[in-house]
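Look for subunit A in each of the two complexes below; its partner is subunit B in the first and subunit C in the second.
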Partner chain A sequence: MHTLDALTLANQIRRRDLTAFEVAKHTLSRIDADTNNCFLYTTPETALVAAKRIDARLEQGDCPSPLAGVPIAIDDTILVRGDRCTAGSRMLDNFISPFNATVIDKILAAGLIPVGRTNTDEFGVCGSGDTCYHGITLNPLDSSNLAGAAAAAISSRLVPLALCADTLGAQRKFASQTGTIFLKPTYGKVSRFGLVPYISSAEQIGAAGATIGDTAALLNIIAGYDPKDGTGIPNSDLIPPEPSQDLRHLRIGIATDYWTTLGRTGTATLTETRERLTALGATLQDCPLPQQQTDILGMASMALQIIAAAEGCNNFSRYDGIKFGYRPQTYATLDDISINSRSESFGREVKKTILFGSFVLAQQQYEAYYLQALKIRRLIQQQLAQALQTYDCLLIPASTGQPYHKTNPEANARQCLTDTHYTAPATLAGYPAVAAPSPAVTQERCGIQFIAAPNNEQILFDIVNLSTTDSLIP
Partner chain B sequence: MKYELVIGLEVHVEMATQSKLFCTCSASFGAEPNENVCPACCGMPGLLPVLNKKAVDLAIAAGLVTNCRINPRSVFDKKNYYYPDLPTSYQITQFYDPICTDGFIDIAVNDNKKDPINTKTIRIKQIHIEEDAGKLLHAPNSDQSMIDYNRAGVPLVEIVSQPDFRCADEAIAYIEKLRSILRYAGVSDCKMEEGSMRADVNISVRKPGDESFGVRSEIKNMNSLKAIARAIEYEYRRHVDALELGTEELVQETRRWDDTHNRSYAMRTKENATDYLYFPNPDIPPLDISDNWIASVRNALPEMPDVKKARYMTEYALSDYDSAIIAGNKDLADLFDATCGLHPEPKEIANWIIGELLALMKKDDDETAVARIDAPRLAQLIKLVSTNRINRLNAKKVFAAMYRENADPLDYCEKHNLFSESDDTLIKQVINDIINANPKSVEDYKSGKLKAKDFLFGQAMRTLRGNGDPAVIKRLLEEALG
Partner chain C sequence: MTEDTLDTLAAFNKLRLSSHERQTLYKELTQLLDALAPLSSADTSQTEPMIQVNPLGTVMREDTVIPMVSRAEILVNAPEHDQGYFLAPRVLE
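The block that comes next holds the complex of A and B.
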């Protein structure tokens, strides 16, 4: 049953071919046997109670959602009432959340069964997969390399769905490297209430799954305006359940400059993807961005790094060892409490973020770095908006496809900067994007990524739904 | 050489909202420590600020009554610094684009009774919305400190003046005027003793005629007018001594006022000032304020003190001084207006309020005591006097009882036999007795010592135990003396 996609699994549970209880039990036992360190811990008691409750409801013919009874993994940056939530940091190793994130309330109301917490980069920084206090997670498709834990959990068929936050874009990158799907919604479509904050102006909780249909169904459940999030979009439209039959109505712009940077991998992946989409009736055109635009987009990664550092540095400043979180063993003064707790409990990449963020926000550098980054961000948004007036969506790589080796953190941190080049445009603009696997045409899986205009998740859904070949995961 | 004193004020006012600026916790004063606290108030991750619309209403009102421009778009920024009373280690404020800019208010620069009041215009640079911090409580005889987050997140407006004050009296008059109009507008109760109104005072001195300003010191967090006046005097002397006698080298710095020892202490200099790493708060969309919103706040404002004062002068012919005193204090004005509605003797009402009520309040040093006198009872008391049912001396006793014991004027007069004796026959008898008992005084009077009549009057009133109707005694006494 663990190889079923979420919608099929939910169907079988609804028809009572399977019970949510036995699915949850099976899932928990497979997680226990996991060797890739996808999960930090499981919550068997609450999961089994919730599963029983859903079974009882379904027996009465009361089905709260198309995903009722399906197990789901929760990233460790999303707060669940009464659960320990560490955000991958020693700082929050003892932190128990007193409240639920809005997405948690929504999935519980929809009858999904949270089974445990997946590993995460510390507070979502860097995106290399090796900055977590609790250790690294390995890629099930290639255990000498790293992967994001949510993507790895789906790739190794531990759970069919996961909720996790896309910060710098690592969820899309690792989806492409594990043969899974990650759907990053429009900024403001999903409430950030209860998400441990890092890049407040850009990060979004998204849906990870094995199929685009599963992620679309999950997005329908978690999306919607939340009065507790001031940046939410009122009246967010949800994705209609009926997918299109073909792609004849779609014009897809190929961001050629991005593909040529990837050499043979890029050319081969693009050729293969173009053939598939053309066969489905889509119109594909090269969308060579004018020189000036290329320069701006080329700066996207740097702009995002600056904004992320500024906001991260500020968001992490609440952790001072005083109210909650890690308290150092020894301190003589008030300042010692903060300095020692932060020195002893933050990891390398978080410390780098704090240093870099303090630098770019300091009065002397503010204009040269932070304000410039905001300017680049506005230009990127304008240029994406302009391109998306001509095209229904843009096709760009999801990553370089370069693997993250499990013993090389310094090189991995550098590689993240390069990979962010591909994810930063949609992140900075707040546009929806989906990363999907590409067949391994070479040694490297760069993956494919589609970017649509705000609130046009439907287009992404149609394209990936019709164009992805058979699952790449065993 | 005489130096010119230059003062600018930053006045912080806690707004009178039910809940905090960005969460639904109560913003009330006086709760048990950490009673009004939620996860957001203690800086936990995952909470997002949702702006309290009522606080924006009140900030707009503050801008309107200080003649500011209300900006169609303002932005919330984050101000970063580490201190345990600040739960997230950043304060949400408006640094780059505040809600109100470029206003002014007129203050009275002399307030003696005789001369007409002169005013001076003080320019206001800006008003911005921000959240308050919590409080650290230092346990006595211990090295422990506790944190109380009740105040964390309470909405404030900070009103920043231009450096337009030239003496302490002007600064005090400005704070009093602000307090008056902000109370009128319902922005705040402005209780300095509870910390809902506090001021940072910027002080420098320069030679008369200088265009540029001298080195500035800023005294933080002052919450008493007397202390502000003393601090300004102290700083003036310190600056002048530094320049004239070379007692020290002046540097731009933040200082703390110690009211017990009557001196200020340096806290930090500009060189080691904190860089607050200001940047726009991405969790709060820009605040857009429509003309309609401004109009609805403006329409809800009551008659403001300057308008009220002018009306008292034209409509009731009250003096400049009396009008200013009553109109300047919303509680007094409310009592005055309500009493006028019940009994049309405005001058008399004003005299009772200024002569008696204010004196008692000043004696008790209790601004809230206005509430002890209500309009119907005050009107009744004045009616008793004007119809000669009690004399003025007794009326003052009744008023004191109304103030101290919440007494009803009629009941009190009855209980204590304060009604005037105005029965001609009885009073005539008393006067005859007095005249017979004091032949010397009668003789004095008749020989031209008119003061002797006052003595006889006093004797008669004493015999009547103070309750005689003075007009009747006077008339009958004059008749009897011929």
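The block that comes next holds the complex of A and C.
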């Protein structure tokens, strides 16, 4: 049953060919046997109780959603009431969530079964996969390399779905490298209430799955205005349940400059993708989006690093070891608690983020770095908006395709900055994006990424649904 | 960035760096700043900064209390507490 996609699994549970209880038990036993360190811990008691409750409702013909009874993994940056939530940091190693994130309330109401918490980079910082306090997660397609834990959990068929936060874009990059899908919604479409904050103005909770249909179904459940999130957009459109039959109505802009810089990997992936999309009736045209270092889009990664550090520096200032978080063994004064707590529990990348963020916000540097990054952000959004007046979506790589080796954190940190070049534009603009594996270039996983205008997730869904029919998950 | 600046920032952010951390972070941060040099070449003189991506303006809500979390649930995470209050070392003699 673990090889089934989420919608098929839900259908079988709804028809009572399977019970949610037996699916949850099977899932938990497979997670226990996992050797890639995808999960930090599982929640068997609450999962099995929830599964029994859904089974009872389904027996009465009461089906709360198309995904009722399906197990789901939750990223360790999203609060689930009564569960530990560490955000991958020693600082929060013993933190118990006092309330549910809004997305958790929504998936529970929809009858999904949270089974455990997936590993994460510390507070989502860096995104290389090797800054987590709880150790690295290995890529199930190649265990000499790292992967994001949610993507790895889906790729190794531990769970069919996961909720996780897209911060610098690592979820899209790792989806493309694990044969899975990650759908980053429009900023403000999904409530961030209950997400451990890092880049408040850009990060979004998104849907990870083995198929685009699964991620679209999950997005339909978690999307919607939440008065608890002041950045939410009212009247967010959802994705209709019936997909298009072809792509004849779509014009896709190929951001050629991004592909040519990847050399053979980019050319092979683009050629294959172009053939598939053309066969489905889409109109493809080269879209001039220059992205060299002196071009505005070439500065997206730089601008995102500055904004991320500035916002991260402020968000991480709440951790002082007084009200919650790591309390040091020795201290004499109030200051000692904060200094020892932060110095002993934050990892190196978080400390670097804090120091860098503080630097760019200082009066002497504010205009040259932070203000300049915010202005470049507006220019990036304008460039994407202009391109998306001509095209329904843009096609760019999801990453360079270079793997993250499990024993080389310094090279990984550098690689991460390079890969952020491909994910930063959609992140900074707040536009929806979906990352999928390269259809046939299985050894060179730069992946494909489609970016659409705000609230146009339907277009992303149609394209990936029709163009990536072959699963790359074993 | 100078090493003195790094020390000031660390103190400001209540971080104590080991000599190894200080050395490594200084090197990485100066490299990072070097890599950001192209930013200054962008002409942004006519551009307004973008703080939020959606044109929402200032979002207000009613100033009403909505019960959500009990005091006891909050204090579960407090390293030290007493009679419903957080405990911290004395700051006034």
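Here are a few things to note about the model shown:
What we mean here is this: the second predicted complex is superposed on the first by the 465 of 474 C-alpha atoms of A that agree within 3 Å, B and C clash if a C-alpha of one lies under 4 Å from a C-alpha of the other, contacts with A are read in each partner's own complex, and residues count from 1 in each chain.
Here, a residue touches a chain if its C-beta (ideal position, glycine included) is under 8 Å from a C-beta of that chain, and two chains touch if they have at least 3 such contacts.
Note that the coordinates shown come from a computational prediction; the quantities given were computed from them, not determined experimentally.
Shared-chain residue A:Lys351: touches subunit C; no touch with subunit B. Contact with both subunit B and subunit C is seen for A:Ser201 once the two complexes are overlaid on the shared chain.
Contacts of A:Leu379 after superposition on the shared chain: subunit C is touched, whereas subunit B is not. When both complexes are overlaid on chain A, the residue A:Gly230 reaches subunit B and subunit C alike.
More residues of subunit A lie in contact with C than with the other chain of the pair subunit B and subunit C. Contacts of A:Ile322 after superposition on the shared chain: both subunit B and subunit C are touched.
Of the two partner chains, both subunit B and subunit C are touched by A:Leu334.
Contacts of A:Ile306 after superposition on the shared chain: subunit C is touched, whereas subunit B is not.
The contact surfaces that subunit B and subunit C form on subunit A in the two complexes overlap at residues 98-99, 201, 227, 230-231, 313, 317, 320, 322-324, 334, 338, 358, 362.
Residue ranges of subunit B in contact with subunit A, taken from their complex: 39, 42-51, 78, 80, 82, 84, 87-90, 145, 147, 275, 277-279, 282-285.
In the complex of the two chains, the subunit A residues touching subunit B come out as 79, 87, 92, 97-99, 101, 192-197, 200-201, 227-231, 310-311, 313-315, 317-318, 320, 322-324, 334, 338, 358, 361-363, 366, 370. Interface residues of subunit A facing subunit C in the complex, by the touch rule stated above, are 94-96, 98-99, 187-188, 201-202, 227, 230-231, 233, 293-294, 296, 298-299, 302-303, 305-306, 313, 317, 320-325, 327, 331-340, 342-343, 346, 348, 351-352, 354-356, 358-359, 362, 368-369, 371-379, 381, 417, 428-430, 454. Contact residues on subunit C toward subunit A in their complex (touch as defined above): 1, 5-6, 9-10, 12-17, 21, 24-25, 28-29, 32, 35-36, 38-42, 44, 47-54, 56, 59, 61, 68-69, 73-74, 76-80, 86, 88-89, 91.
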